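So that you can tell them apart, the chains are marked A, B and C in the order they are listed, and the count of residues begins at 1 in each.
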Amino acid sequence: MPDANSSAGSGARLRALGLEIPTPPKPLGNYVEVSQTGSLLFISGTLPIANGKLAITGRLGEDLTVEQGRKAARLAAMNALAAAQEHVDNLDRVKKLVKLNIYLAATPQFTDHASVADGASDLFAEIFGREQGHARMVSGVASLPKGTPVVVETIFETN
Amino acid sequence: MPDANSSAGSGARLRALGLEIPTPPKPLGNYVEVSQTGSLLFISGTLPIANGKLAITGRLGEDLTVEQGRKAARLAAMNALAAAQEHVDNLDRVKKLVKLNIYLAATPQFTDHASVADGASDLFAEIFGREQGHARMVSGVASLPKGTPVVVETIFETN
Amino acid sequence: MPDANSSAGSGARLRALGLEIPTPPKPLGNYVEVSQTGSLLFISGTLPIANGKLAITGRLGEDLTVEQGRKAARLAAMNALAAAQEHVDNLDRVKKLVKLNIYLAATPQFTDHASVADGASDLFAEIFGREQGHARMVSGVASLPKGTPVVVETIFETN
(Lines give C-alpha, C1' and ligand atoms only; values in the text may rest on other atoms or scores of the structure.)
Protein backbone atom coordinates (compact mmCIF):
# COMPACT_ATOMS: atom_id res chain seq x y z
CA MET A 1 0.00 0.00 0.00
CA PRO A 2 2.20 2.84 -1.23
CA ASP A 3 -0.49 5.42 -0.40
CA ALA A 4 -0.62 4.43 3.23
CA ASN A 5 3.15 4.41 3.35
CA SER A 6 3.58 7.84 1.81
CA SER A 7 1.11 9.37 4.26
CA ALA A 8 2.69 7.65 7.25
CA GLY A 9 4.75 9.66 9.70
CA SER A 10 8.50 9.36 10.02
CA GLY A 11 8.20 7.11 13.07
CA ALA A 12 5.92 4.73 11.21
CA ARG A 13 8.27 4.67 8.21
CA LEU A 14 11.17 3.87 10.48
CA ARG A 15 9.31 0.91 11.94
CA ALA A 16 8.18 -0.22 8.49
CA LEU A 17 11.84 -0.26 7.43
CA GLY A 18 12.66 -2.44 10.42
CA LEU A 19 15.15 0.12 11.72
CA GLU A 20 15.76 0.41 15.41
CA ILE A 21 16.66 3.78 16.87
CA PRO A 22 19.79 3.49 19.05
CA THR A 23 20.17 4.79 22.58
CA PRO A 24 20.17 8.61 22.40
CA PRO A 25 23.69 10.09 22.39
CA LYS A 26 25.09 11.89 25.41
CA PRO A 27 26.79 15.30 25.13
CA LEU A 28 30.61 15.27 25.18
CA GLY A 29 30.67 18.59 27.03
CA ASN A 30 28.58 21.40 28.50
CA TYR A 31 25.78 21.49 25.91
CA VAL A 32 22.57 19.63 25.08
CA GLU A 33 21.74 17.27 22.24
CA VAL A 34 18.66 19.19 21.07
CA SER A 35 17.85 22.89 21.15
CA GLN A 36 14.41 23.96 19.96
CA THR A 37 13.43 27.37 18.62
CA GLY A 38 9.92 27.69 17.22
CA SER A 39 9.27 24.61 15.10
CA LEU A 40 12.97 23.96 14.45
CA LEU A 41 15.10 21.40 16.26
CA PHE A 42 18.82 22.12 16.13
CA ILE A 43 20.60 18.84 16.89
CA SER A 44 24.18 18.81 18.14
CA GLY A 45 26.78 17.02 16.06
CA THR A 46 26.25 13.26 16.33
CA LEU A 47 28.92 10.59 15.95
CA PRO A 48 28.83 6.99 14.68
CA ILE A 49 28.18 5.59 18.13
CA ALA A 50 26.79 2.10 18.79
CA ASN A 51 26.28 0.63 22.26
CA GLY A 52 27.74 3.76 23.80
CA LYS A 53 31.03 3.49 21.89
CA LEU A 54 32.50 5.07 18.80
CA ALA A 55 32.08 2.30 16.23
CA ILE A 56 34.85 3.44 13.91
CA THR A 57 37.83 5.78 13.82
CA GLY A 58 40.14 6.89 11.01
CA ARG A 59 40.34 9.25 8.10
CA LEU A 60 38.84 9.24 4.62
CA GLY A 61 41.51 9.10 1.93
CA GLU A 62 43.92 7.42 4.32
CA ASP A 63 42.78 4.42 6.34
CA LEU A 64 39.05 4.29 5.63
CA THR A 65 37.27 3.28 2.45
CA VAL A 66 34.33 5.24 1.05
CA GLU A 67 32.08 2.31 1.99
CA GLN A 68 33.29 2.43 5.61
CA GLY A 69 32.65 6.15 5.59
CA ARG A 70 29.12 5.62 4.30
CA LYS A 71 28.36 3.20 7.11
CA ALA A 72 29.76 5.64 9.65
CA ALA A 73 27.62 8.44 8.19
CA ARG A 74 24.50 6.27 8.36
CA LEU A 75 25.19 5.35 11.97
CA ALA A 76 25.81 8.99 12.92
CA ALA A 77 22.51 9.85 11.21
CA MET A 78 20.74 7.19 13.30
CA ASN A 79 22.12 8.90 16.40
CA ALA A 80 20.68 12.22 15.20
CA LEU A 81 17.27 10.56 14.85
CA ALA A 82 17.66 9.11 18.35
CA ALA A 83 18.38 12.57 19.76
CA ALA A 84 15.39 14.07 17.93
CA GLN A 85 13.06 11.28 19.02
CA GLU A 86 14.09 11.62 22.66
CA HIS A 87 13.21 15.32 22.46
CA VAL A 88 9.80 15.01 20.79
CA ASP A 89 8.88 11.60 22.26
CA ASN A 90 7.24 10.44 19.02
CA LEU A 91 9.27 10.73 15.82
CA ASP A 92 6.03 11.19 13.86
CA ARG A 93 6.13 14.77 15.18
CA VAL A 94 9.25 15.38 13.11
CA LYS A 95 7.97 16.54 9.75
CA LYS A 96 11.18 16.74 7.80
CA LEU A 97 14.91 17.18 7.79
CA VAL A 98 15.58 20.78 6.76
CA LYS A 99 19.36 20.75 6.68
CA LEU A 100 22.20 18.27 6.93
CA ASN A 101 25.84 19.23 7.49
CA ILE A 102 28.36 16.45 7.33
CA TYR A 103 31.93 16.83 8.48
CA LEU A 104 34.43 14.19 7.41
CA ALA A 105 37.93 13.74 8.79
CA ALA A 106 39.64 13.61 5.43
CA THR A 107 42.97 14.11 3.71
CA PRO A 108 43.63 17.12 1.47
CA GLN A 109 43.55 14.75 -1.52
CA PHE A 110 40.13 13.22 -0.81
CA THR A 111 37.42 14.14 -3.32
CA ASP A 112 34.52 11.69 -2.82
CA HIS A 113 32.76 13.50 0.03
CA ALA A 114 29.39 13.21 -1.70
CA SER A 115 29.40 9.39 -1.74
CA VAL A 116 30.24 9.22 1.96
CA ALA A 117 27.57 11.78 2.84
CA ASP A 118 24.95 9.77 0.96
CA GLY A 119 25.25 7.19 3.74
CA ALA A 120 23.36 9.68 5.90
CA SER A 121 21.22 11.23 3.15
CA ASP A 122 19.95 7.85 1.95
CA LEU A 123 18.73 7.02 5.46
CA PHE A 124 16.95 10.36 5.81
CA ALA A 125 15.38 9.96 2.37
CA GLU A 126 14.02 6.56 3.37
CA ILE A 127 12.44 7.99 6.50
CA PHE A 128 11.19 11.41 5.40
CA GLY A 129 10.45 10.52 1.80
CA ARG A 130 12.28 11.51 -1.33
CA GLU A 131 9.60 14.05 -2.24
CA GLN A 132 10.83 16.43 0.45
CA GLY A 133 14.59 16.22 0.40
CA HIS A 134 17.01 18.09 2.63
CA ALA A 135 19.62 20.72 1.84
CA ARG A 136 23.19 19.51 2.43
CA MET A 137 26.73 20.69 2.99
CA VAL A 138 29.75 18.37 3.22
CA SER A 139 33.32 19.27 4.07
CA GLY A 140 36.55 17.40 4.76
CA VAL A 141 38.17 18.71 7.93
CA ALA A 142 41.50 18.10 9.67
CA SER A 143 40.13 16.39 12.78
CA LEU A 144 36.95 15.75 14.73
CA PRO A 145 36.14 15.04 18.40
CA LYS A 146 37.47 11.72 19.74
CA GLY A 147 38.95 10.79 16.38
CA THR A 148 35.57 10.11 14.78
CA PRO A 149 35.69 10.02 10.97
CA VAL A 150 32.22 11.57 10.60
CA VAL A 151 29.97 14.01 12.42
CA VAL A 152 26.38 14.63 11.30
CA GLU A 153 24.74 17.99 12.15
CA THR A 154 21.02 18.37 11.53
CA ILE A 155 18.10 20.80 11.68
CA PHE A 156 14.66 19.17 11.75
CA GLU A 157 11.22 20.75 11.47
CA THR A 158 8.45 19.59 13.81
CA ASN A 159 4.73 19.64 13.21
CA MET B 1 17.39 57.07 -10.16
CA PRO B 2 18.99 55.90 -6.93
CA ASP B 3 15.63 55.85 -5.13
CA ALA B 4 14.09 53.52 -7.65
CA ASN B 5 17.17 51.35 -7.50
CA SER B 6 17.23 51.09 -3.73
CA SER B 7 13.57 50.10 -3.64
CA ALA B 8 13.98 47.59 -6.45
CA GLY B 9 13.89 43.88 -5.70
CA SER B 10 16.91 41.63 -5.86
CA GLY B 11 15.93 40.31 -9.27
CA ALA B 12 15.72 43.84 -10.66
CA ARG B 13 19.09 44.75 -9.15
CA LEU B 14 20.63 41.71 -10.71
CA ARG B 15 19.36 42.70 -14.13
CA ALA B 16 20.45 46.31 -13.59
CA LEU B 17 23.95 45.02 -12.88
CA GLY B 18 23.91 43.08 -16.13
CA LEU B 19 24.50 39.81 -14.32
CA GLU B 20 23.17 36.61 -15.75
CA ILE B 21 22.11 33.84 -13.41
CA PRO B 22 23.73 30.55 -14.45
CA THR B 23 21.94 27.25 -14.93
CA PRO B 24 20.82 26.05 -11.48
CA PRO B 25 23.22 23.53 -9.94
CA LYS B 26 22.38 19.85 -9.67
CA PRO B 27 22.81 17.89 -6.42
CA LEU B 28 25.93 15.70 -6.19
CA GLY B 29 24.01 13.14 -4.11
CA ASN B 30 20.72 12.24 -2.49
CA TYR B 31 19.64 15.73 -1.39
CA VAL B 32 18.01 18.83 -2.87
CA GLU B 33 19.42 22.24 -3.68
CA VAL B 34 16.84 24.18 -1.66
CA SER B 35 14.95 23.28 1.51
CA GLN B 36 12.37 25.76 2.77
CA THR B 37 11.10 26.12 6.32
CA GLY B 38 8.80 29.04 7.00
CA SER B 39 10.26 32.06 5.24
CA LEU B 40 13.81 30.68 5.25
CA LEU B 41 15.50 29.02 2.29
CA PHE B 42 18.38 26.74 3.24
CA ILE B 43 20.53 26.31 0.14
CA SER B 44 22.88 23.36 -0.24
CA GLY B 45 26.57 24.04 -0.65
CA THR B 46 27.20 25.47 -4.13
CA LEU B 47 30.42 25.16 -6.12
CA PRO B 48 32.10 27.42 -8.70
CA ILE B 49 30.37 25.72 -11.60
CA ALA B 50 30.02 27.22 -15.07
CA ASN B 51 28.44 25.44 -18.03
CA GLY B 52 27.90 22.37 -15.88
CA LYS B 53 31.58 22.01 -15.00
CA LEU B 54 33.75 22.94 -12.05
CA ALA B 55 35.53 26.07 -13.33
CA ILE B 56 38.53 25.81 -11.06
CA THR B 57 40.28 23.37 -8.73
CA GLY B 58 43.15 23.75 -6.28
CA ARG B 59 43.95 24.98 -2.80
CA LEU B 60 44.38 28.43 -1.29
CA GLY B 61 47.89 28.96 0.02
CA GLU B 62 49.25 26.38 -2.40
CA ASP B 63 48.33 26.59 -6.06
CA LEU B 64 45.65 29.29 -6.13
CA THR B 65 46.03 33.03 -5.64
CA VAL B 66 43.66 35.05 -3.48
CA GLU B 67 42.31 36.64 -6.65
CA GLN B 68 41.54 33.23 -8.16
CA GLY B 69 39.83 32.30 -4.90
CA ARG B 70 37.72 35.46 -5.02
CA LYS B 71 36.53 34.65 -8.53
CA ALA B 72 35.69 31.11 -7.47
CA ALA B 73 33.74 32.44 -4.47
CA ARG B 74 31.79 34.85 -6.68
CA LEU B 75 30.93 32.08 -9.13
CA ALA B 76 29.83 29.76 -6.33
CA ALA B 77 27.65 32.59 -5.00
CA MET B 78 26.06 33.00 -8.45
CA ASN B 79 25.18 29.30 -8.30
CA ALA B 80 23.51 29.84 -4.91
CA LEU B 81 21.41 32.62 -6.45
CA ALA B 82 20.52 30.31 -9.33
CA ALA B 83 19.34 27.63 -6.88
CA ALA B 84 17.29 30.18 -4.92
CA GLN B 85 15.74 31.64 -8.07
CA GLU B 86 14.75 28.24 -9.38
CA HIS B 87 12.93 27.59 -6.09
CA VAL B 88 11.03 30.89 -5.82
CA ASP B 89 10.67 31.52 -9.59
CA ASN B 90 11.25 35.27 -9.21
CA LEU B 91 14.34 36.40 -7.31
CA ASP B 92 12.45 39.54 -6.22
CA ARG B 93 10.78 37.24 -3.69
CA VAL B 94 14.13 36.79 -1.95
CA LYS B 95 14.31 39.61 0.57
CA LYS B 96 17.79 39.16 1.87
CA LEU B 97 20.72 36.91 2.53
CA VAL B 98 20.62 36.02 6.23
CA LYS B 99 23.76 33.94 6.51
CA LEU B 100 26.77 33.01 4.41
CA ASN B 101 29.17 30.20 5.25
CA ILE B 102 32.21 29.86 3.05
CA TYR B 103 34.46 26.82 3.10
CA LEU B 104 37.86 27.13 1.44
CA ALA B 105 40.21 24.27 0.64
CA ALA B 106 43.27 25.84 2.23
CA THR B 107 46.65 25.03 3.70
CA PRO B 108 47.29 25.26 7.45
CA GLN B 109 49.42 28.38 6.77
CA PHE B 110 46.77 30.33 4.83
CA THR B 111 45.43 33.43 6.64
CA ASP B 112 43.61 35.56 4.04
CA HIS B 113 40.23 33.82 4.17
CA ALA B 114 38.38 37.12 4.48
CA SER B 115 39.63 38.47 1.15
CA VAL B 116 38.60 35.32 -0.68
CA ALA B 117 35.19 35.27 0.98
CA ASP B 118 34.57 38.86 -0.10
CA GLY B 119 34.33 37.54 -3.65
CA ALA B 120 30.95 36.15 -2.60
CA SER B 121 30.01 38.85 -0.09
CA ASP B 122 30.61 41.66 -2.60
CA LEU B 123 28.21 40.02 -5.05
CA PHE B 124 25.52 39.59 -2.41
CA ALA B 125 25.99 43.20 -1.26
CA GLU B 126 25.49 44.42 -4.83
CA ILE B 127 22.25 42.49 -5.14
CA PHE B 128 20.66 42.81 -1.70
CA GLY B 129 22.04 46.22 -0.83
CA ARG B 130 24.72 47.15 1.63
CA GLU B 131 22.16 48.47 4.10
CA GLN B 132 21.13 44.93 5.04
CA GLY B 133 24.31 42.91 5.11
CA HIS B 134 24.62 39.23 5.88
CA ALA B 135 26.31 37.41 8.76
CA ARG B 136 29.32 35.37 7.68
CA MET B 137 31.59 32.51 8.69
CA VAL B 138 34.69 31.44 6.75
CA SER B 139 36.93 28.47 7.40
CA GLY B 140 39.83 26.76 5.66
CA VAL B 141 39.25 23.02 5.45
CA ALA B 142 41.33 20.05 4.32
CA SER B 143 39.27 19.11 1.27
CA LEU B 144 35.94 19.70 -0.42
CA PRO B 145 33.76 17.68 -2.83
CA LYS B 146 35.27 17.08 -6.30
CA GLY B 147 38.38 19.08 -5.42
CA THR B 148 36.59 22.43 -5.51
CA PRO B 149 38.53 25.23 -3.80
CA VAL B 150 35.37 26.94 -2.52
CA VAL B 151 31.88 26.00 -1.37
CA VAL B 152 29.27 28.66 -0.56
CA GLU B 153 26.45 27.77 1.88
CA THR B 154 23.57 30.21 2.25
CA ILE B 155 20.34 30.93 4.11
CA PHE B 156 18.00 33.41 2.40
CA GLU B 157 14.81 35.01 3.68
CA THR B 158 11.81 35.25 1.39
CA ASN B 159 9.01 37.80 1.44
CA MET C 1 18.59 34.44 46.24
CA PRO C 2 18.68 31.62 43.69
CA ASP C 3 15.07 32.28 42.63
CA ALA C 4 15.77 35.87 41.73
CA ASN C 5 18.92 34.83 39.92
CA SER C 6 17.23 32.15 37.86
CA SER C 7 14.54 34.57 36.73
CA ALA C 8 17.07 37.30 35.93
CA GLY C 9 17.82 38.15 32.32
CA SER C 10 21.09 37.32 30.60
CA GLY C 11 22.34 40.90 31.00
CA ALA C 12 21.70 40.79 34.76
CA ARG C 13 23.44 37.42 35.07
CA LEU C 14 26.44 38.77 33.21
CA ARG C 15 26.71 41.69 35.62
CA ALA C 16 26.19 39.39 38.61
CA LEU C 17 29.12 37.33 37.38
CA GLY C 18 31.25 40.46 37.21
CA LEU C 19 31.92 39.94 33.52
CA GLU C 20 32.50 42.89 31.27
CA ILE C 21 31.42 42.73 27.67
CA PRO C 22 34.29 43.73 25.36
CA THR C 23 34.11 46.28 22.56
CA PRO C 24 31.93 44.77 19.81
CA PRO C 25 33.96 43.13 17.03
CA LYS C 26 34.29 44.72 13.59
CA PRO C 27 33.74 42.73 10.38
CA LEU C 28 36.89 41.56 8.56
CA GLY C 29 35.16 42.00 5.19
CA ASN C 30 31.96 42.96 3.41
CA TYR C 31 29.44 41.56 5.89
CA VAL C 32 27.82 42.49 9.19
CA GLU C 33 28.28 41.09 12.68
CA VAL C 34 24.58 40.38 13.27
CA SER C 35 21.82 39.40 10.85
CA GLN C 36 18.31 39.07 12.26
CA THR C 37 15.47 37.03 10.83
CA GLY C 38 12.32 36.80 12.92
CA SER C 39 13.41 36.21 16.52
CA LEU C 40 16.75 34.67 15.53
CA LEU C 41 20.06 36.50 15.58
CA PHE C 42 22.70 34.95 13.33
CA ILE C 43 26.08 36.19 14.56
CA SER C 44 29.12 36.17 12.29
CA GLY C 45 32.13 34.14 13.36
CA THR C 46 33.85 35.86 16.29
CA LEU C 47 37.53 35.61 17.17
CA PRO C 48 39.41 35.79 20.49
CA ILE C 49 39.91 39.54 20.23
CA ALA C 50 40.80 41.78 23.17
CA ASN C 51 41.47 45.50 22.88
CA GLY C 52 41.01 45.30 19.13
CA LYS C 53 43.72 42.68 18.66
CA LEU C 54 43.79 38.91 18.24
CA ALA C 55 44.86 37.76 21.71
CA ILE C 56 46.31 34.44 20.62
CA THR C 57 47.42 32.58 17.50
CA GLY C 58 48.48 28.99 16.91
CA ARG C 59 47.09 25.51 16.42
CA LEU C 60 45.63 22.94 18.77
CA GLY C 61 47.71 19.78 18.87
CA GLU C 62 50.80 21.70 17.84
CA ASP C 63 51.74 24.90 19.68
CA LEU C 64 48.69 25.51 21.89
CA THR C 65 47.59 23.61 24.97
CA VAL C 66 43.97 22.64 25.57
CA GLU C 67 43.86 25.21 28.38
CA GLN C 68 45.03 27.97 26.02
CA GLY C 69 42.39 26.85 23.56
CA ARG C 70 39.70 27.03 26.24
CA LYS C 71 40.65 30.60 27.09
CA ALA C 72 40.59 31.53 23.42
CA ALA C 73 37.14 29.95 23.04
CA ARG C 74 35.83 31.85 26.07
CA LEU C 75 37.17 35.13 24.72
CA ALA C 76 35.67 34.49 21.28
CA ALA C 77 32.35 33.75 23.00
CA MET C 78 32.57 37.08 24.86
CA ASN C 79 32.95 38.77 21.48
CA ALA C 80 29.80 37.01 20.24
CA LEU C 81 27.92 38.37 23.27
CA ALA C 82 29.30 41.82 22.53
CA ALA C 83 28.03 41.63 18.95
CA ALA C 84 24.60 40.45 20.11
CA GLN C 85 24.36 43.13 22.78
CA GLU C 86 25.25 45.88 20.32
CA HIS C 87 22.40 44.69 18.09
CA VAL C 88 19.67 44.42 20.73
CA ASP C 89 20.97 47.21 23.02
CA ASN C 90 20.06 45.28 26.18
CA LEU C 91 21.33 41.71 26.51
CA ASP C 92 18.28 40.85 28.63
CA ARG C 93 16.43 40.73 25.31
CA VAL C 94 18.49 37.70 24.32
CA LYS C 95 16.55 34.74 25.63
CA LYS C 96 18.93 31.93 24.88
CA LEU C 97 21.73 30.57 22.78
CA VAL C 98 20.16 28.21 20.26
CA LYS C 99 23.27 26.93 18.51
CA LEU C 100 27.02 27.12 18.89
CA ASN C 101 29.49 26.11 16.19
CA ILE C 102 33.14 26.14 17.13
CA TYR C 103 35.91 25.88 14.60
CA LEU C 104 39.39 25.07 15.87
CA ALA C 105 42.62 25.33 13.91
CA ALA C 106 43.86 21.86 14.76
CA THR C 107 46.18 19.12 13.59
CA PRO C 108 44.85 15.89 12.09
CA GLN C 109 45.92 14.10 15.30
CA PHE C 110 44.04 16.36 17.74
CA THR C 111 41.12 14.68 19.52
CA ASP C 112 40.18 16.90 22.49
CA HIS C 113 37.91 19.35 20.66
CA ALA C 114 35.18 19.01 23.29
CA SER C 115 37.36 20.30 26.13
CA VAL C 116 38.41 23.36 24.14
CA ALA C 117 34.83 24.08 23.09
CA ASP C 118 33.70 23.97 26.71
CA GLY C 119 35.61 27.21 27.20
CA ALA C 120 32.79 28.85 25.23
CA SER C 121 29.97 26.56 26.38
CA ASP C 122 30.76 27.10 30.06
CA LEU C 123 30.47 30.86 29.61
CA PHE C 124 27.14 30.58 27.81
CA ALA C 125 25.83 28.18 30.47
CA GLU C 126 26.73 30.69 33.19
CA ILE C 127 24.85 33.44 31.41
CA PHE C 128 21.80 31.67 29.97
CA GLY C 129 21.44 29.04 32.66
CA ARG C 130 22.14 25.35 32.49
CA GLU C 131 18.44 24.50 32.32
CA GLN C 132 18.29 25.66 28.70
CA GLY C 133 21.50 24.51 27.10
CA HIS C 134 22.57 25.06 23.51
CA ALA C 135 23.16 22.60 20.69
CA ARG C 136 26.80 22.41 19.62
CA MET C 137 29.09 21.37 16.77
CA VAL C 138 32.89 21.42 16.97
CA SER C 139 35.36 20.70 14.20
CA GLY C 140 39.10 20.96 13.72
CA VAL C 141 39.92 22.74 10.48
CA ALA C 142 43.11 23.44 8.54
CA SER C 143 43.19 27.22 9.00
CA LEU C 144 41.08 30.17 10.07
CA PRO C 145 41.08 33.91 9.28
CA LYS C 146 44.16 35.82 10.47
CA GLY C 147 45.67 32.72 12.05
CA THR C 148 43.16 32.62 14.91
CA PRO C 149 43.05 29.26 16.71
CA VAL C 150 39.29 29.51 17.39
CA VAL C 151 36.19 30.97 15.78
CA VAL C 152 32.83 30.91 17.55
CA GLU C 153 29.64 31.00 15.45
CA THR C 154 26.32 31.51 17.22
CA ILE C 155 22.56 31.73 16.74
CA PHE C 156 20.67 33.45 19.56
CA GLU C 157 16.93 33.75 20.16
CA THR C 158 15.49 37.08 21.24
CA ASN C 159 12.37 37.74 23.27
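Following the convention adopted for this analysis, a residue touches a chain if its C-beta (ideal position, glycine included) is under 8 Å from a C-beta of that chain, and two chains touch if they have at least 3 such contacts.
None of the values given here were measured: they were computed from a predicted structure.
> For the protein chains shown, what form does their contact graph take: line, ring, star, complete or other?
Drawn as a graph, the chains make a fully connected set, so complete.
> Is it true that over half of the residue numbers where subunit A touches subunit C are used by both copies, so same, or is it different?
Mostly different residues: under half of the interface numbers shared.
> Return the distance between the CA-based centres of subunit A and subunit C, expressed in whole Å.
That gives a centre separation of 25 Å.
> Which residue numbers or ranges of subunit A touch two or more of the other chains?
Answer for subunit A, listing residues that touch two or more other chains: 38, 108, 141-142.
> So in the complex, the part of subunit A that touches subunit C is made up of which residues?
Interface residues on subunit A, with respect to subunit C: 27-35, 37-38, 42-45, 59, 101, 103, 105, 108, 141-147, 151, 153.
> Can you name the residues of subunit A that touch subunit B in the complex?
38-40, 61, 96-100, 106-115, 117-118, 121-122, 125, 130, 133-142, 155, 157
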